[in-house]
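Across the two complexes that follow, chain A remains constant while its partner is chain B and subsequently chain C.
Then we have the complex of A and B:
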C-alpha cells in the first residue's frame, strides 16, 4: 500500500462512520511510517470535511456526523500524544464552551471536533460555563493566537454572550482574541449587536469561518 | 354574527372551522420577568408550586392579553419525574436537564412503575385544575409537554442520536416507553381540565435527524399521541424548532391540528406545504420580540399575517426579559386580524 492508500483509508473510515476501522487504519498508518500530523491533515480531516459537506447538503444527519466524530476522537486518542511539542501544526488556540445555563452540547462537541480536526489546539471548557471562567482561561493563555468559540442553544442562555464580549472589553482582552458564537438562536444581527466577530450555520461551516477569521 | 368565546374561537381555528377574527395565543412558554413581578409568582417557585404556576399562567392573560392560559414554563418536568438530574432554574432562567438515567433497555424496566400524581407532573396537572376551575368556561386551557423523542434524549443523553442508528431495538423500546408516558400524562392533563394539547419536541428535528429516522422514530409515536387526544376531542399542536421546511409534510402526517414553526421557516412556504395542519408562528423571540420596538414588531407581524399564518405567535418560547409592550403589540396585531 502507498502512503496515499493509508490516508485514503483513514478518510474513508471517517466518512463511513467506521469507528473500529478508523482505529485500525490509524495504527496501520503509523506502522507504515506516516506521521501523526500527516495522518490528521491528509487523512482524518479530509474525511471530516467530506462529512461536513454531506451534512450541509442534507445527505447525512446528526446521527451520522456524531458517529464520524466518534471515529475521529478514537483516532485522536492514539495520535494526540504524538503531537506534543509539534507547534507548527496549528492555526491557533480555540477555547470552546457552552454558555452558562445551557447544557446542550451536541453542537458544541461537533464544533470542537471539527476545529480540532482542522488543526486548532483545543481547550474545551464544557457546558454551563460562567463568563468569569471563560475570561480566566483567556487571561491564562494571553499572548497566544486565540479564538473563543461559544455556543448557546437557548435564547435565554444566548443573553450571556453579550456579557462575555463586554467582560473581554472591560478586562482589555478584546483585541487579543477573535470571538465566534453559534447556536440556533444566534443570528448575524445578534453578532453585530454584541460586537462579536462571526457566527456559522453549523459545525462544518464553523471550522471554515474560524479558519477565515484567524487568517 | 356569532360571537365566540376565546375557547370556542381557538378550537374552531384548530379544527379549520370559520371564525371572523384571529385569536391571540402563544403555544410556547409565556412567562416573562415583568409578568412575574406583576403577579408576584416568581420563578423558580412558579415551576414547582401549583398555585404559583397557575397565577403566573393567569398573568399571560391578565397582563399580556393572551386569550388563553398555558402551563408549564419549561421542558424539564418530564425528565425530572423519571429521576434525571436537573440544574435548578433561577428568576430569569428555566431549569435544565444535566443528568440522564437510561443507558440500556434494562434501565427502562426500572422506570415503568410511576405515579402521575407525583413530582412536577402532578404539579402541572394541579395548576391546570386551578386554571380550568377559574377560566375553563371562557378561555382555552393549554397543557404542554415535552414530546417522546426529546424525552428519550433527556433520559438517554446525547448518545441517543447514535443509539437510533446503532441500536434500533433499544431506540424503539425507549420510544414506546416515552410515548406511553406522554399519552398517560396528556390524558391526565385533559382530565384536570386542559382542552388544547401542545407537544414540544425540539430534538425531533427533521434538520437534525433527516427523513428516515423521523419516519421510524418520531412519526408513528406522534401519531399515537395525537390519536389518543383526538379520541377525547382535544386539538393538538406540535412545536419543533429549527428550519423544519423540508420536514413539514412528514410532521403533519401524524394528524396534528397545528404546527408551530420558528423564525427559520418561511410562513408562506409552510402554508403552501401543509395540507391539514394550520400554521402557527413565527415572530423571532430574541431578535424581534425581545430586542425590537413595538413599531418594528407591528411591521413584521403584518408580513407574517400577509403570508397567511393561521395564528400569529412567537416562533419559540418567549425570552424571559421580553418587554410587556412588545408582547401586547403582537396580541393586538392578532386580535385585529380578520381571516
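Then we have the complex of A and C:
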C-alpha cells in the first residue's frame, strides 16, 4: 500500500462512520511510517470535510456526523500524544462555553467535538458560564494561540456575548484571541455590532470557520 | 415614478415593492426550492401569474369562479373558545358549538374533533370523554368529522414518557442507544394511535387526521406511516388525512426507512409518495416561511415545492396554509391580504386539490 492508500483509508473510515476501523487504520498508518500530523491533515481532516459538506447538503444527519466525530476522536486519542512538542501540530487552543443564563448545550457539544476532531486543543467550560470565568481562563492561557467559542440559544443570553468582547478589551486581551459566537439568534449583523470575529451556521461550518480565522 | 405595490415580509411587516422587485424575489425563492428539492422551475407564465396575484390592488383576493377547492380545518373545534395561545378567539362555547359554527356559518367542508392537549398520547386516559364528544358532534352535524391530533413522538421520551431522551443520549455519544430509543417510541406511538382510532371509529368518527407528521423527526414520521398502514388495513373505508410538520423530514435517527426509502431528508414531493403508499387519502404538504424574506420570495418557494408535490402525489394534496407556512407570514393572526393571495396562488398555480 502506498502512503496515499493509508490516508485514503483513514478518510473513508471517517466518511463511513467506522469507529473501530478508524482506530485500526490509524495504527496501520503509523506503522507504515506516516506521521501524526500528516495522518490528521491529509487523511482524517479530509474525511471530516466531506462529512461536513454532506451534512450541510442534508445528505447525512445528526447521528451520522456524531458517529464520524466519534471515529475522529478515537483516532485523535492515539495521535494526540504524538503531537506533543510538534510546532506544526494542531490549530491552537479553543475555549468553548455556553453563555451565562443558558443551559442549551447540544450545539455547544457538537461544535466542541468538531473542533477537537479538527485538531484544536479543547478547554470546555460547560454551560451557564459567567463572563468573569471566561476571562479568567483566557488570562490563564495567555501566550497561546487561542480562539474563544461561545454559544447562546436565547436572545437574552446572547446579549452577554457583547459583554464578553467588552471585558476582553478592558483586560487588554482582545488582540490576543479570536472570538467566535454561535447559536440560533446569532447573526452576522450581531457579530459585526459587538466586534467579534465570526459566526457559523452549524457545527460542521463552525470547524471550517474556526480553521479559516486561525490561519 | 415606478409604481410600488403593498406586500409583506415573512414576519408580516408591511413593505412596498415594484413589479420587477416582486418578480426578482419570486425567482429567487423558486430557485431556492428547485435547488434544495431538485425539482423543476415554475414557467414564465406561472411567475407572471404570481406577480399579478401579489400586485392585485384589492386588499383580499379569491380564486376564479369554477376553481373553488374544499377547505379542511384541523383544530377548529377549539378555535372559537380557545384563547389566543391556541389560535382561538376566546368566546365561551364548546367543541360541539365550534364544529357546528364551522359547518353552518363558516363553510368548512370537513371538520376535526381534537382534544385541548392535541397529541394522541394524552388522549388515552380521556378516551371515553373523547368518544362521547365524537358521538354528540356526529349527531349534530353532517360534514365529515375526523378525529385528529399530533403523533408527537416527543411525549414518549423522558421526562414525559418511558424512553430515554435521544437528545440526551446523543449528547453522550450514545448514538446506537438513541436510535433504539427512537425506534421504541415509534412502536408505542403507532400502537397508541391505532388503539385510539379504533375507539373513535366505534363512536362514529369518519376518519383521522395526522397533524404535524414528522414534528419530532423521522421517527415521528415512521410511527405515523405505520399507524396509517395499520388503520387502512383494519378500516378499509376510513378517511385518512396526513399533514406534515415541516418541509424537510429531519433525520434525528437518520436510517429509518419506509417502503425501502430513507425518511430523513425527504422534501414534500418525496413525502407525498410514502404517505400515499401507506394508505392515506389526503396529503398535506408544508413549506415553511422565512421571516427575513419577502412574501414574494416565500410564495415563489412555497408554490414551487407544492406544485412538485401535487405532481408526484397519487392522492389529493390539501396544502397547509396558516401562520408561518405556505408562503403566509409567521404571525399569530396572519393578515387577510397575505393569506388570500397565498391561497389563490396555491390553487391556481400549484394546483392543490384543497386547503
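Note that in this section the second predicted complex is superposed on the first by the 205 of 215 C-alpha atoms of A that agree within 3 Å, B and C clash if a C-alpha of one lies under 4 Å from a C-alpha of the other, contacts with A are read in each partner's own complex, and residues count from 1 in each chain.
Definition applied: contacts are C-beta pairs under 8 Å (C-beta built on N, C-alpha and C of every residue); 3 or more make two chains touch, one makes a residue touch a chain.
Just so it is clear, the structure is predicted and the values come from calculations on it, not from any experiment.
When both complexes are superposed on chain A, chain B and chain C occupy overlapping space and clash. By the touch criterion defined above, A:128 reaches chain B but does not reach chain C.
Touch criterion met: A:185 reaches chain B, while chain C stays clear of it.
Contacts of A:106 after superposition on the shared chain: both chain B and chain C are touched. In the superposed model, A:64 lies in contact with both chain B and chain C.
In the superposition on chain A, A:156 contacts chain B only, with no contact to chain C. Contact comparison for chain A: of chain B and chain C, B touches the greater number of residues.
58, 60-64, 66-67, 70, 105-106, 109 are the residues of chain A that lie in the contact sets of both chain B and chain C, per the superposition on chain A. Note for the complex: chain A touches chain C at residues 58-64, 66-67, 70, 105-106, 109. Partner chain A is touched in their complex by these residues of chain B: 87, 92-94, 96-98, 158, 161-162, 164-166, 208-210, 213, 241-242, 246, 284-287, 290-291, 316-317, 319-321. Across the complex, chain A meets chain B through its residues 58, 60-64, 66-67, 70, 101-103, 105-106, 109, 128, 154-159, 184-185, 187, 189-190, 193. Those residues of chain C that touch chain A in the shared complex are 36, 167, 170-171, 173, 175, 178-179, 248, 250-255, 264-265.
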